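Chain IDs A, B, C and D follow the sequence of writing; residue 1 opens each chain.
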Amino acid sequence: MREDAATRSPWILHFDTGSCNGCDLEVWALLTPRYDVERFGMVNKANPKHADILLITGPVTKKSEQRLINLYNQTPDPKLVIACGDCASNGVPFLDCYNVCMGVDKVIPVDLYVPGCSCRPEAIMDAVVKGIGMWKKKVEEADR
Amino acid sequence: MSAAEIDLRKKLERMSLKSPRPRLIDVIAADRRDGTYDLIYVFHHEGAIVDHRYVVNEDDDITSIADLYAGALCMEREIIDMYGLKFNGVTGGFLLDPSSPKNPLRQPRKEVAKDV
Amino acid sequence: MSRTSVIPFGPQHAAFLEPFHLKLQVEEEVVVGAEMSFGYNHRGMEYAMAQDFKRTQFLCERVCGICSFHHSSAYVQTMERLFGIEAPERAKLVRMIMMEAQRLTSHLLALGHIAETVGYENMFMQFFREREEVMTLVNRISGGRVHYSMNAIGGIRKDVTYEGLKDIGETMDRLEPRLLDLRSIVRKDRTLRKRLIGVGVLSKEAAFDWCTVGPTSRGSGLPHDIRLTGFDGYGVNGVKFRPIYYDEGDCYARTMVRMDEVIQSVDLIRQGINLMRDGPFLNAVKGNPPAADAYGRVEAPRGELMYWVRGKNEVQLDRIKLRTPALVNVPAVSAMIKGARVADVGPITVSVDPCICCTDR
Amino acid sequence: MTDAITGLAMLIAVPLLIGLLLGIDRRLTARMQNRVGPPLLQPFYDLWKLFGKERRAVNQAQVSFAAASVLLQFTAFAVFATGGDLLVAFFVSGAGNLALALGAFSSRSAYGQLGGQRELLQVLAYEPVLFLVIFILGWQNGSFLSDAFGENLLYLLPLALIAMVPVVLITMQKSPFDIATAHQEIVSGVYVEYSGTYLGLLKLGHWFELAFVFGIITLFFSADDIVISLLGKSLIVLVFVFLAVLIDNSTARTTRGDMVFKTLAFGLGLTIINLVLLWIDVSGAIW
C-alpha cells in the first residue's frame, strides 16, 4: 500500500551531460500536452534535492562528470537513474570524440537504458513506467 | 604587433572606407603540420565571404582583435584551447576542463603541409 | 551600504535546458557583473568529424538536435562546393522545405521556452502543442523526429513522395490559423509585454560589435539573413523572401522576430511545394575530397551557420571548422545582462535562444 | 462540548479537503493547458512519498525552522478551527511564514537567500490586506472569535472578499505572484534546500496555511440552514480556486516591486472603499 502510493509521484530531474539536445527536447516534450506525463504524477522539479528519478541525456563530458556525481549524491534515496538515448547508454555516437567518458554508467550507477538516437518520447515514457516498478522494489527494500 | 596584424587592420580599414564595416564571421585556425598554423579571418562583406589568411608560428604573440570586434574574444579563446596559440591579453579555458586532453586539434608532425 | 552576493546559475538550472554556468554578481537582486563559463557540453566534435567525410554527414547532425538538418545541409553544401558539383533543383527545394520545418520546431521551442521562463506555463504548453504537430510531420516525412538523415553529398538520399508533399501542405494549412492566434496573443498579452519590453536591450552597434547573427541581430535592427545570399534554394529560384527585423533590441523584439518568422516559414514551405518539379534528386560523388577548402553557410534557426572544410585527398579531412550561431550570440548575453534584475536573467538568456551544444560542440 | 467535537472534526477533515482542493487545482490547470493532468489524489501521493524518503538536512537549524513553521501554521489553523480569535490565528500564521523564511536563510545557499527575501516581501505584500480584511470582518461581526460568525456578511463586504483574490494567489503560489517559489528563476526558492521528509513537513505546513486563508474566506457567507451554509461556503472556495487557476494560466509572473505595489493597492484600496461605504451607511449619510 505504502509503496504503491509512494511510487505514484515520481519527480524527475533532467540533466544534460553533453548531449545534442535531441533527447533533452524529447524529455521536455514529455511534459507537454501530447504526452503529458503528469498523468503518472511526474513533475519536472529541476532540483536534485526534490527529485526521485534522474533522467540523464548525453555522453558524459569531462567537465560535467563531477557535476553529475554531485547531483547524484544530492538526490535523496530511494532514487532511480535513467540513461536516455544511445549516447547516454554507451556513448557510441560520439565514439571518436576526445572529451567524453562514454556513457553515464561509467560515472554513476544506472538502472535503466533507453535506446534510440534520439530516443523517442514514447520510449522514455515506457522506461519511466518500467522504472516505477523497480523503484517500488527499492522502496520496499528501504522499508526493511 | 606583428606584420600580419598590422596588415589585417589596414585591410579592414580599407574595406570599411568604401561600404559598411565588414561583419566578422569567424577566426579559424588550422594546423599545417610543420609547427606553423593557418589563421584565417573570415568576414561577411557586401553579401559575400571575404577572408584574410595568415600563417603564424607556434610561439608567435598574436594581437587579439577583440578591441575591434568584441565577439572575436570567444573565437580566440577557443583557438588557445584547441591549438595552444598565444593571443595577447586573452586566456584560454573556454571549452576544455583541466582533465581534458591538451591542444586536442594539433596534428602529428609527420609531413610537410600540402599546398592549399 | 551595498553588499554584493554571488548567485550561480547552472550548470543545472530550471530555466536552462542545457548546462552552462553563469556566475552573477548581484546587489539587491540587480545584476552588476556576470561571468560565463562554457565547456560542459564540449565533446570534441571537430576532431571526430575530421575522421571520415562520409560518416561526418551523419555525425554533424549530432552536433545539435534542434538544428540538426541545418547542420547537415551546411555540411553537404560545403562538400558539394569542395567537389565542384551542384545538387539538383528538387533536392534543394526538399532541403529548403525541411529546413523551414525544422525552423518551425526550433522557433516554437524558443518561444515556448521564453514563455516558460517568465512563468507563463500555459503559453509554454500551447507552443509545444503546435510544435508537436510539426514534429510528427517531419517524423512522417523523414522517419526521425530529431535527426532526419535525409541529406547526402550531392542531393538527398531519398525522394519525398507526392503524398508526403501533400501531407506537408495540409499540415501547414492546419497549423497556420493556430500560429496566427498565438501571435496575436503574444502581441497583446499585457503581462508578457511587461516582462519583456525594455528588458535586455542590445543596441544596434553592440549587436554588430558582438558579431551577433540570426534573430538576435534582427531584433536589434540588423537585417542580416543568409537565406538571401547563402543557400541556393532561397531568393534565387523564385522563392519570395524578405528578412524580418525589429529595431528595439529588447527581449520582446527578439521574441517577435521569431514569432513572425514562424508565420514566414509556413509561407516558405508552401512556396517550396509549389515550385517543386519532378526530376533527379541526387548527383552522386565519387572519390575523396580534394586538397582544397570551401565555405558553406546556411541560416540556421539561431542565425548564420558556417562550415569550413579543408580536404587532403583522403577519407580523412584535414580540418573541419564550424562556426555555430550560438558561439557569437551567447557571449552577447553578458552585454545585455548588466543592470538587469535577477528575475530577468532567465528571459534575457533564453531570448537569444542559447544552444550550448552548438557553442561547445 | 459539541463545539470542541466540531472543531476536532474540522481539524482532521479540513486538511484532507485542502489536499483534495489542490488535486482539483492541478487537474483544472492541466485541463486549461490541454492536458489530462494527474489523479485527484496526487497531492496526497506526493506528501506520502516525501515522508518515505531519506531524511537529510543541510543543518540542524533548518530542521527546527521547518518544524516551527509547520507547528505554527498548524496552531494558527487549530485556533481558527476551534473557534478561537482570528487575530491570534493571523499572527501565529504570520510567524509560521517567518519561520519558513528563516529556514531558507539558514541554508546559506544563494537561492535559499533569495527565496527567503522574497518570502518576506510576500508577507509584507499580503499580510496588511489580510489583516484589514480580518479587521473589517470582526468589526462587522462584533467579535473576532471564529465560532461567533453566524451572519451573512457577503452583501455588506463584497469588495473585501474581492480584495482576498491576490492574497489567495500569493498563498497558493500562483502565477503572477509566485515570486518566492519561482520555479524558473530561483528553482523553488524557500524550499530549495529541503528534501524528503522535511520538504513534506513544509508542504503540510503550507496546507494548514491555505486552510486558514480559505477559512477566512468561508466566514463571509453564512446561512441559518446548515446545508445551505456549507454549500455556500464551499462554493466561494471553489470559485476562488477556479479564479486562481484562471489567472495563473493567463498571466506571466510579475516582479517583486510590482507584486507588493499591486497587492497592496488593490487589496487595501478595495477594503478601504468597502469600509468607507459601510461607514457612510452606518452613519446614515446617504439617507
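The rule is simple: a contact is a pair of C-beta atoms (placed from the backbone, for glycine too) under 8 Å apart; a residue touches a chain by one contact, two chains touch by 3 or more.
Source: prediction; values computed, not measured.
Inter-chain contacts peak for the pair A-C. With each centre defined as the average position of its C-alpha atoms, the distance from chain B to chain D rounds to 60 Å.
Averaging C-alpha coordinates per chain places the centre of chain A 40 Å away from that of chain B. For the pair chain B and chain C, the distance between C-alpha centroids works out to 25 Å. Each chain gets a centre from the mean of its Cα atoms; for chain A and chain C, those two points are 26 Å apart. Taken residue by residue, chain B touches two or more other chains at 96-97, 100, 104, whereas all remaining positions touch fewer. Taken residue by residue, chain D touches two or more other chains at 33-35, 183, 187, whereas all remaining positions touch fewer. Touching two or more other chains at once are residues 32-33, 46-47, 61, 63, 98-99 of chain A. Working note: touching chain pairs come out as A-B, A-C, A-D, B-C, C-D. Touching chain B in their complex are the following residues of chain A: 61-63, 65, 98-99.
Contacts from chain B toward chain A in the complex involve residues 96-97, 99-101, 104.
The residues of chain C lying in touch with chain D in their complex are 5-8, 13-15, 29, 115-122, 125-126, 129, 189, 191-192, 194-195, 341-346.
Chain D contributes residues 29, 32-35, 110-111, 113-114, 117, 175-176, 178, 182-187, 248-256, 258 to its touches with chain C in the complex. Chain D meets chain A in the complex at residues 26, 30, 33-39, 42, 44-46, 48-49, 52-54, 56, 183, 187-188, 191-196, 199.
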